[in-house]
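Please go over the structures that come below.
Look for chain A in each of the two complexes below; its partner is chain B in the first and chain C in the second.
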Partner chain A sequence: MLNRDEWLPLARKLDWDYTYVREDEVFPQVISGHPWLPHSEWKDWEESFKTSYREYVHNQYEKDMAVYAVRDAVGRLENIQKLAAPWLNSLKVHAAALPLAEFTGVIGSLRGARFGRDSAWRTMSTFGALDEYRHTQIPLLLFHQLVRWDSQFDWAHKFYHTNNWFAIAARHFFDELTLGQNAIEFAIGTNFVLETGFTNLQFVGLASLARESSDHMFERMVTSIQTDEARHAQIGHPVLEVLMKHDPEYVQYLLDKWFWRSWRTFSILTGVSTDYLTALEQRPYSFKEFMEEWIIDQYVRMLDEFGLKKPWYWNIFEDELDIYHHMIYASAYTYRATLWFDFVIPSPAERKWLRQKYPKYWDDMDAVWEQVIERWRTTGPGAANEFAVHGTVMPTFCDLCQLPLSGGSPRKNTANVLTRDGRKYIFCSEPCRWIFLREPERYANHKDLVKRVLSGEAPAEFTNLLTEYFRLTPDTWGKDVYHGAYDWLEAKKASVA
Partner chain B sequence: MAPMIGSKPKKPLSPSVTREDVYMPIPLYGFLEGDTLGLLVFAEEVETVQELARKLQDAANIRVARNDDLELLYNGKTVDLALTAAQAGLQPLDRFDVIRRHKV
Partner chain C sequence: MAQQKTYWHLLPQKRMPTEYEIVTSKLLCYTGEGFTGKRFELDVPLLDWYKRFQQDSPLICASWEKFRDPRETTYTKYTEIQRDKEIFVDGILEEIDSSGYDGRLLPRWLHVLSRVFAPFRYPGHGLQMLAAYVGQMAPGGRIVIAATLQAGDEMRRVQRIAYRVRQLQHIYPGFASDSKARWQTDALWQPLRMAIEKLLICYDWAEAFVALNLVLKPLIDELFMNHLSDLALREGDYLLGRILYSLNEDCRWHREWSQALTRMVIEDSSHNVGTLQGWIEKWHPVAARAAQAVAPLFEGKLEDAQMPPLVGVAQKLDKFYRGYLSDMGLQPSISGTLLS
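This part shows the complex of A and B:
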């Protein structure tokens, strides 16, 4: 009988020469990706995990049982109800953004499982698809029990099926990255940039935040997901190695494009959770510190390893570490009814911490929060006053990332207008404009929310926009967690009086 | 609460309304210094640039304190506050900025 090391290569390397069809008919460039190369260029494709199907099933079973055990022990409704209110809203953000995005990863991985250029790649992609299906089902299962208690958790399933502005942005990202992508760009954009560069480590960081917040259910869930990500993310590395021999400029473009697009999504989800929705005493680090320690060093090392350059916009990216998620959070707070989770105003102690962690721009951000607080002080707290402390004019969105035009800083917003073929586009930043101009035929016909409203495709009236287009209800649309009733705000009001 | 932007008319226009009577507000991307995002602001052709600046300031007031000493920038240049939107040449979906007036 063959031992494992002898039969595993036989079971994973299953390529053969085609006799009745051409290789480029089996693997058309349009779906296998650029550059099209004969299999002889891919035959040495290899990754380090080398898992058999039997081992895969065994390991995944063990991991699922561990998740169920933690759910039964500490993941019941009564456990979740004890969590701090701001953290619960971080859960709601991830509950919505994660599961169906992972499902798009199933589709992208299956494309690699069929159109990846080597059989070992295809084997690994098959496991990757099964992983992503697991990452869809686990959060849907765990969050479903919470819907009867808090209907905002219903957005775990609902989010991507709505035209909520953040769902439009998330779909724009995942439709291109995963659902509609060829096997090579999927391997570079998803496996290498998003997973190896961001989410693999993001899940480590998120698990740490969840542990500090005593949310052991979420900690276990993301840890379990992270172990899968660490494995199937390895697909990107060997694909990149082959591409570097044939078209390094294309590799540089794909990395620069997907790093920026991933950063935009990542900074909102993780930046807001880390610096605003985790209680101050439970924050192990600031978002910027997390990025510098976990993401940037590793990414730059990976670039060096392949002889690639930092993206041309690296200075812009580094500047955004200090400000972008703060711009987004303050904007979103003042348009909270357009989202499916609740918000908090940073307390004086938190603002002091934010000033210490983000000295470059915090003066400008602090002025914004002071103005918001002044509005609550004037109206007084209470659910009835929510809309008196809320934006009333249509916010605006980038024609590439579809996120609010919150690039730059309060002193200088970096939005820029482009006229192309008689149409006007606006971008939040130079990198978004650059990505658009590299592949305009891919992006030009997508309408951002403003243009949908102006063309009559989306309702202009605010309540109709919330209910008919964003699919929110008075129960689910976002509010201030405390409806403005903060102890420190009351104390300040009394001292002013 | 106030609508986000003008709703479509529920009824058809009266036959007595001539084409000249129907104005088309100009949708613009407005950026107020101190704010965290851009806002969609509609300029009436006949309103002054100063009124437009104030409109943006009102729209952003939840985040940015009012300031009476303002200037409006369009295509990177300061625009005379007394001009109308039409005279200033504002075109749909253009960007304009409202900033605190620089002290000389």
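This part shows the complex of A and C:
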């Protein structure tokens, strides 16, 4: 066979000069993105993978077979049932967050496949769309077998179809990032920031947690997905190169915005898995350590490479590394019945570990857990007491990220308000407020959960909210994995007695 | 409480779902298939685009989820089918290299290949873009998937032509190096280029689907994948016919899923017949002109080629297309028939 480099160039550069229609009609700015440039500015667009279709279908078929072979060997229900309870709940978080978000990635990639400004870009995006179909399919298939054992796994498909508060936040993120986005912002936000900058968190970090937790099925799935991501993520670099020549200020804005929005999302998805839902002896590093080693250094190097600056909020971000996902986890524990997976209280040994890893704020967080533990001590353990150790007042949500106001620390909250056109908005952080103010036309009309309750769209009564609006049931809503019956908690109670 | 046996949305079927159902059902969340209603979570940049070109489309259906790809193509199945096809084509391409095949091709046929076969990469890429558009704007997940795989198939066709062109360039340096200029200026290509460019700015998702998969592609695919193959066989290029046969298998599936979708919308609402027929009236003449412009090739009139005519291609194409549409209860446009 001919070497790919010999013939593939004849299939990659296929733009022509339109004469029956105008170029700006074929690539309207609203859907191809800003800045609008004639094709002459894009004609040198190139990426390094240069995959051929022939190789693609060969490799992808082999990769799928390898994943299913691992499933057949170690991914059966009886294997999954042996995994530690906290890790299983980490699995439920990712099972829900992944597949249908990947499907919005199909749409975003198809946008690049049609409205990308050079044929090589469009061809690479066509592979990207095929990849994202794969990433929708594998988890839906793998988690399906678990539904009959544990109906919380039903949320692998159900999650994005509900008005669960976290689903609202996740859709708010993905609808903007992928589904309703133009080709250029998709390439920067998804291919460059999320897939190049953050994917290591999911696919290297999470894979090693899965390995340590003996979940070889999930480990194989995420590493196999990562090999696709590494390929189509390459679209971002060359798009960014062209943009830098024409509107570097806009590039800086897009990067800073999507870095922050991605940080919010991943600090929850991966942060909680790393520091809480993986058994202590199986944690290879803290979430912060992983961020520093795998994300931050690499991201800052990428910025340098393009002559870009760190985001203006870098100090805020670095401060959050020590606290944000801890605040979210404690808050979510307090409202666990609003979610579709179960939680654990960090044990004394884990709290000692967390204090070592997060010296800056852990004392403040520890006090929060002390209150939760005290509450269980008072009520005593047992499923019947779940709601006695649970929040009752609806939290407030940020008008940008749609997550509960968890910025700052238990001592110093960073929430801030804004009045605009007679309407009041509240934000969890300065960066969320800044993003809102840059493009308020995207965000200002959104109704958060509290407003939906006030307008009657969502029920005000808590149990009705859980069942009718969040689509949870007494079987599926989140609980304490042990219903407060921890050896160390009991032991302490006994010694007090 | 009885244990739940499948995902929430597949429970009403009251049977174990197939693998295809598990991995393709209700994958879009903004189209009102779940509990959220039909909405984006925020005012996305393309809010108005979706409203104009998807929600307000005249083609209607109570639930786009009813669509099923007749081949039930999961990702794994897709890569398996296409890998096998590519192995088949690889075998032919290797045979060409090892047997000195290209050195024996007739000069007049080489001329045809450089004028008619090699430039097809350009419209082929246009067809890839068009499938990607139908996919991103389709209101149902399974339609998104079918159109995505079609875009992949179009890329396959472009790449196989590119490979073949490079093989010929090894024997005949400079072969078909004017492909882009031919596509842009050769009279034989201009009506097709016009059809593709006009279609690229047809943004109603359903009209784009009809113009592409019910009009332009059936005609063009049949002409270039089937009749060109017959011509090649007669001119001694029997291996090209086998490559085109494999590529035409993809096109056949594009027609099959399109028929399934069309039958579904007609069954859903008889109003859709008028809408579909109106778009066929509009686009058939445009596509027919594109096919007619290539007719000299088959009629033995291509300059320098002086090949004997291939009898009845226009009639066969008309008959084929009429049959394709009538299978769905639709008709070609009178002004579009190639004989007129």
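Simple rule for what comes next: the second predicted complex is superposed on the first by the 492 of 497 C-alpha atoms of A that agree within 3 Å, B and C clash if a C-alpha of one lies under 4 Å from a C-alpha of the other, contacts with A are read in each partner's own complex, and residues count from 1 in each chain.
Just so it is clear, a contact is a pair of C-beta atoms (placed from the backbone, for glycine too) under 8 Å apart; a residue touches a chain by one contact, two chains touch by 3 or more.
Because the structure is predicted, anything quoted here is derived from the model rather than measured.
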item	value
Partners on chain A (chain B, chain C) - clash or fit	fit
First, second, both or neither for A:Glu441, with chain B first and chain C second	second
C-alpha centroid angle, chain C to chain B via chain A, nearest 10°	130
Partner chain(s) touched by A:Arg411 [first = chain B, second = chain C, both, neither]	first
Chain B versus chain C as contact partner of A:Val389, first or second or both or neither	first
Partner chain in contact with A:Ala460 - chain B first, chain C second, else both or neither	first
Chain C versus chain B, contacts on chain A by residue	C
Partner chain(s) touched by A:Asp175 [first = chain B, second = chain C, both, neither]	second
Touching partner for A:Ala69 - first (chain B), second (chain C), both, neither	neither
Which of chain B and chain C A:Ala330 touches, first, second, both or neither	first
First (chain B), second (chain C), both or neither touched by A:Ala349	neither
Touched partner set for A:Arg471, first chain B, second chain C, both or neither	second
Shortest CA-CA distance between chain B and chain C [superposed frame, angstrom]	21
Footprint overlap on chain A, where chain B in one structure and chain C in the other make contact	none
Contact set on chain A toward chain C in their complex	1-2, 6-8, 10-11, 14, 16-21, 25-26, 30-31, 52-54, 57-58, 60-61, 64, 68, 100, 103, 106-107, 110-111, 113-114, 119, 122-123, 125-127, 129-130, 133-134, 136-137, 140-141, 144, 147-149, 151, 154, 156-158, 160-163, 168, 171-172, 175-176, 179-182, 185, 402, 441-446, 471, 475
Partner chain A, residues of chain C touching it in the complex	1, 3-9, 19, 22-23, 26-30, 33-36, 40-50, 74-76, 78-80, 82-83, 86, 90, 93-94, 97, 121-122, 124-125, 128-130, 132-133, 135-136, 141, 144-145, 147-149, 151-152, 155-156, 158-159, 161-163, 165-167, 180, 183-184, 193-194, 197-198, 200-201
Chain A - residues contacting chain B, complex	326-328, 330-331, 334, 364-365, 367-368, 371-372, 374-375, 387, 389-396, 404-406, 410-411, 413, 415-417, 424, 426, 450, 453-454, 456, 460-463, 465
Residues on chain B engaged by chain A in the complex (per definition of touch)	1-8, 27, 29, 31, 33-41, 59-65, 92-95, 97
